[in-house]
Amino acid sequence: MIKSKIRKYHAAVWDEPLVMDLSQPGRRGAFAPAIEDEITDSVGDPSALVPTALKRKVAPELPELSEFEVQRHYLHLSQQTLGMMGISLFGTCTMKYNPRLNERLVYQPFVAKMHPHQDPETMQGILEIVYSFDEILRDLSGLDKFVFQAGGGADAAYTMATLTRAYHAARGELAQRTEIITTVQAHPCNPATAAAAGFKVITLPLEKDGYPSLEALKSVLSNRTAALMVNNPDDIGIYNPQIKEWVKAVKEVGGLCFYDHANFNGVMTRIRAADLGFDACMYMLHKTFGGTKGGGGPAVGAFGCRKELVPYLAGPTVEKNSDGTYFLKEEGPKSVGRVREFFGNVPVVIRAYSWTRAMGIDGLRDAANISVLANNYMEKRLLAIKGVTKGLPELTKRRLEMTRYSLGELTAETGVTTVDVQNRMTDYGVDAFWLSHEPWFIPEPFTPEAGELWSIEDIDYWIDVLEVVCEEARKDPEFVKNAPYNQVVHKQGSTNLDDPKNWATTYRAYKRKHASKK
Amino acid sequence: MSAKDKTLPQPHPFMANSAPASYRELLRVAEVKEIDEVFEQIPTDHLFKGKWKVPRGIKSEAQLSKHLTSILRKNISAEDYTSFLGAGCWNHYVPAICDEMVTRTEFSTPVWGTPSSDHGRNQVWFEFCSQLGELVGMEFVGLPLYSYGTAAGHALRMAARINGRKKILIPASLDPERAKVIRTYAGFKELNGFLDVVTVKFDKKTGRLDLADLKAKLDKEVCAVYFENPNYLGALESEAAEISKLAHSVGAEVVVGVDPISLGIIAPASQYGADIIVGTTQPLGVHMNAGGGVGGFIATRDEERYAKEYPTLQVSLTGTTVPGEMAFGLTLFHQSSYGSRENGKDWTGNSVYLWAVANATYMSLMGPEGFVDVGNSIIARARYAAERINKLKGVKVLWRDGFFKEFVVNFDKTGKSVKKINKKLLKHEIFGGKDLSDEFPELGESALYCVTEVHTLEEIDALVDALKEVTA
Amino acid sequence: MKHRPIRIGFIINPIAGMGGAVGLHGTDAGIHLEAARRGASQISTQRAAMTLSFLFNSREWLQASSETLFITPEGQMGGDLLQSMIDPTQIQLIPLKNDSTTAADTKEIAQSLFEHGVDLILFAGGDGTARDIFEVIDEKIPLLGIPAGVKMRSGVFGLHPARVGEVLQRIIVTSSRIENALPTQDAEILDLDENSSDYSSSQFFGVAKTPYAPDLLQRSKSASGDSGASALDELALHYAKAMKPKRLYIFGPGGSTNRILKSLGLSLSPKGVHAIMDGHCIGEDIGEAEIAELVARNSECELIVGVIGGQGYLFGRGNQQLSSGVIEAIGWSHIYVLASAEKLLELMPTELHMDFHQPLRNPPPSFLQVHTSSSRTVVCRLIYQVASPSTSTLARN
């Protein structure tokens, strides 16, 4: 039953051309500082300073535009981006409010114009915040040290894979310990980074309880086991209650245990990685901790571990002197080295620190409660929509902060798929929802996550739009299949972009391949 | 439920449903009496029952702002002092419009979207790739990677998948930090996909790659030769074409790292034999952010054998169902780790896509003439600084010719350490060059100085005066 | 270069799907007479019309229709429907001798389409129809099925008639521009074993070609891609290289195991069991007795088997030669199972089944690792129920 008044919505349409096509010869958008006469007198013609063999002969075909034209072009493109301007319940990514205060702060020189190799005495403010946030995460996880070098959750998983290598190599066991175990419901970055780090990957599928059995895990544990990489709860909303036994079993054969805490929002202030026995864990500061997402970073996968593993951490770490000042400590000989340059996306750490201080321990508790409660609220309303079913419906315990649903019945009835529905919902100002990570064992999946940000009215509106679209699908499937209509542009055409004859990641390639169309 | 219920949330500005009435409505519809019911899946012995150290929330923005500002004010930035630090994170001018775009809520807060819902941002990404492709002279460009070093690491792994060889040659002059990242990506010999990293000496007289040593180390087992232009020590590899030729003669791939801000005046690596070009994106309109502004890219010719090894996501220009309308869709998604989990090409995830917005804006503002302009401004200022510094007593610029924005200053004859000199420079409100004495002991007491378009004549002269004083 | 129009062969099995509507299990083996008596309408024609209208109303059709030709039998097996929808110049009719619509007719038409040199055979029907066409066509021409039967477990079927329309849109646009062959992927042909009374079990009949559109074929996926297949090719090369001299290798049927044989340079039917030693085939398409004898004669032996899709059968479906006796003689630790990760993880639950005429003497392991590439495995629970005739009843459906 529809509760909201469905608004009239249409995306901004500027029909904005490619910036390259706006170019007019001779226009200038920016000048570098003019070279002072004294410098010219001293060094002569700058172009003579480039070795002859390396002089650029053909200018790049970049656009020539005035400053205002560039500004207006990118403003138009920003307006042609729906993102969080409407409602976005993008599951697994935990859409949060990104306080403007943080933007105001991190673009000031005291953050933006800092260099990572400055004398530590000149960067005490940054080091203090990084260290203080490390302390906050230690408290929330029970672990002993966090680093922020990883540029996202996947990079933190890679940090774990490399730490696993370093740990077993230091003990002379790496040649034997070549297997990393994960589950089918772990985010793809876990098996992918384990494989990229050179490990064999063993995947445990779900069984009747909605998670792999302890027995299945035990069947593959051996002295070849290097590590376990899992998340819990998973993004179907199911919590593995045997996780302590899992960790114990892996440790008994000498493996390390990594907790991918991508889905931390619902269990904040209830579960601590260390209490469950894990050796290491990862939090996404750009998701759970209120940092900006930027359409895909800059992000931070905060990686924490027990003190026994600290010597293996990627360096440098931020440490505190006895006099209360802070310094950067280079990694020791056992360290994995670096997974990325420098000590992290500092502005994201500052945003996360700020958000967490604004929330406080009481706010984190409330946020977790509201997230899980709102998901249960959604479930009641979503399952009342014809064509929507719950993933693994036989598991009746209440799901945590998200649930995976299926539009399989709607598809069977109308041929309209979850991707079609996703496209059509954007016609109502609702950003594209999350489907599912690979593999899709729940047919036509979608995974909303209400979190603590969205109001009950926003959640209702989202659900109402879905219901309206399901009705449309039954009335006129072709109409829904060809959506969107109120967006900046229409549905992407059916050209196969995996065909080398078609793909064009640059305009130059496009013009070469599709000259006849222009 | 009574209003005194301890589990009832307190209203908070970031949470609409923390209002008691909204929260109660959630409880009612969800048919929940006690909030613990929704956590029924979690065994009670998993729950934390201790005391937290994290304090209670600061709900007032004014109060929070004061708290944060009071800490961050302890920093001294490149705006306060004159900084000559570079070494992987460079102080270039960031146009105001670049900052405007990356702070637009539409660009800074979203997560993903579809080709039609987030059309504008996808178009920016395509413009980023297209313009970068123009600068580096390549037609296939992926979306950005975490950093220069990670781009190099992935590119070398691409090379290994392409030709099936295992040995990679990297210059001994490489940034030790990037070298560490590359070694991480190269893996361990006990495991799959291991790459054997071998270093090639650099010529102490020129700072450039030692071609004799390169020849000695090249054989049919070499998978790829990696070098940078300019290299970490600042020198331009003027024999780049020869290096590529030698590498190609044994069937190795040529992977070149570049600084895109130099490419208005310096030839793109595609013209001197590069097969895969990588580099940094930070100089193109992104602040240093204490190292949190770094980003990287991979670009190649538009050939299947390269395209099908990219670990990144890519956007392609295509059409919609309406003739003449542009859309930007993903190409080769299935080979990413999102598409194929552990069977994908390495992995990808959140990267630094917001910086691509700044980069695209920067390249559009500069245009072809702006890149020539900024290139000339940088190379002239750097040369001027080097010439003046080299005249100081006991101070020597190691390679006075053929560098772009960075150069090595040796202080051996002053009898003073770089560490001491830099400490003293702080009193003159100057961040001296990066200390190389630990990284390159063979260069003695040396520092890597970086001079860019932001350094005025007066600031350079002030540096020379200060150096004169502190080395005396 | 000027290329000829794309030629699409089109067959409707007008009696497919009739069983489902009236509570029968498929229309194979003459059940359709009973269905017709109970008054089922021609579901398959309606479903085919849905696919075709999706195609003919598309922009792609406007662009490329002049370069597309349908070849189809006259009458209710295709001609009638097409003639009611598009211009006769775009249809080439195959005359029929009679108006019956038996499996033999389907096969005869398939043969005729092959002789007409079609680029693709589009058909509306179920697993039985797919199997009939496959028996004639094998992998010579890609098959694309409009789901219109009761059982559509074969990999050639689209998710929904409209999705098949989308596949066709792609094909006609692509083919009008690209000279090289239609990109294809492998698809298993599965159908009921008509000798079995267990209606939930499928038999494996071979590997067909189908157009490359994994996102639109059954078991929809978020992205197109063949990473699972390329991972299996990588596994095949790796496995072939690591094979030891003087050791007996027994290959079970299926497309996956056949990849290893292909990388050994052996061209053997994916339907049979083959014995390999030192890179040579020492037993082609062998039966249980020959396998048992070879295993008895060789102390070192490896068995390589795939997984039959749909229900995840390891033994007892399409590989009955691999009897319980053979399995136990080889030993579980010498059994190497391979399958694409996609195929395995879409099984829900991810379990492997076994069904032997003679029960195993010792309990099998609870879990087996299935190899999805040379360095990746998925752990699968083994389900083994001692066969008794009473478990295989209609009630299980």
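Just so it is clear, A, B and C label the chains in written order, and each chain counts residues from 1 on its own.
As a convention for this text, contacts are C-beta pairs under 8 Å (C-beta built on N, C-alpha and C of every residue); 3 or more make two chains touch, one makes a residue touch a chain.
Just so it is clear, the structure is predicted and the values come from calculations on it, not from any experiment.
Chain centres defined as mean CA positions place A nearest to the mean of all protein CA atoms. Set side by side, B-C and A-C show the greater C-beta contact count at A-C. Between chain A and chain B, the centres computed from C-alpha atoms are 18 Å apart. Averaged C-alpha coordinates put the centre of chain B at 48 Å from the centre of chain C.
Taking each chain's centre as the mean of its C-alpha atoms, chain A lies 38 Å from chain C. Residue positions 191, 195, 199-201, 203, 438-439, 495, 498 of chain A are each in touch with at least two other chains. Across the assembly, chain B contributes 192, 321, 334, 338-344 as residues in contact with two or more other chains. The set of chain C residues that touch two or more partner chains comprises 222-225, 341, 372, 375-376.
In the complex of the two chains, the chain C residues touching chain B come out as 59, 222-228, 230-231, 341, 372-373, 375-376. Partner chain C is touched in their complex by these residues of chain A: 184, 191, 195, 199-208, 212-213, 215-216, 219-220, 411-412, 415, 417, 419, 435-436, 438-444, 477-478, 481, 494-496, 498-499, 501. Residue ranges on chain B touching chain C, taken from their complex, read 192, 321, 323, 333-335, 338-344. Taken in their complex, chain C has these residues touching chain A: 50, 54, 57, 60, 159-163, 166, 169-170, 173-174, 177-178, 183, 219-225, 341-342, 344-350, 365-367, 369, 372, 375-381.
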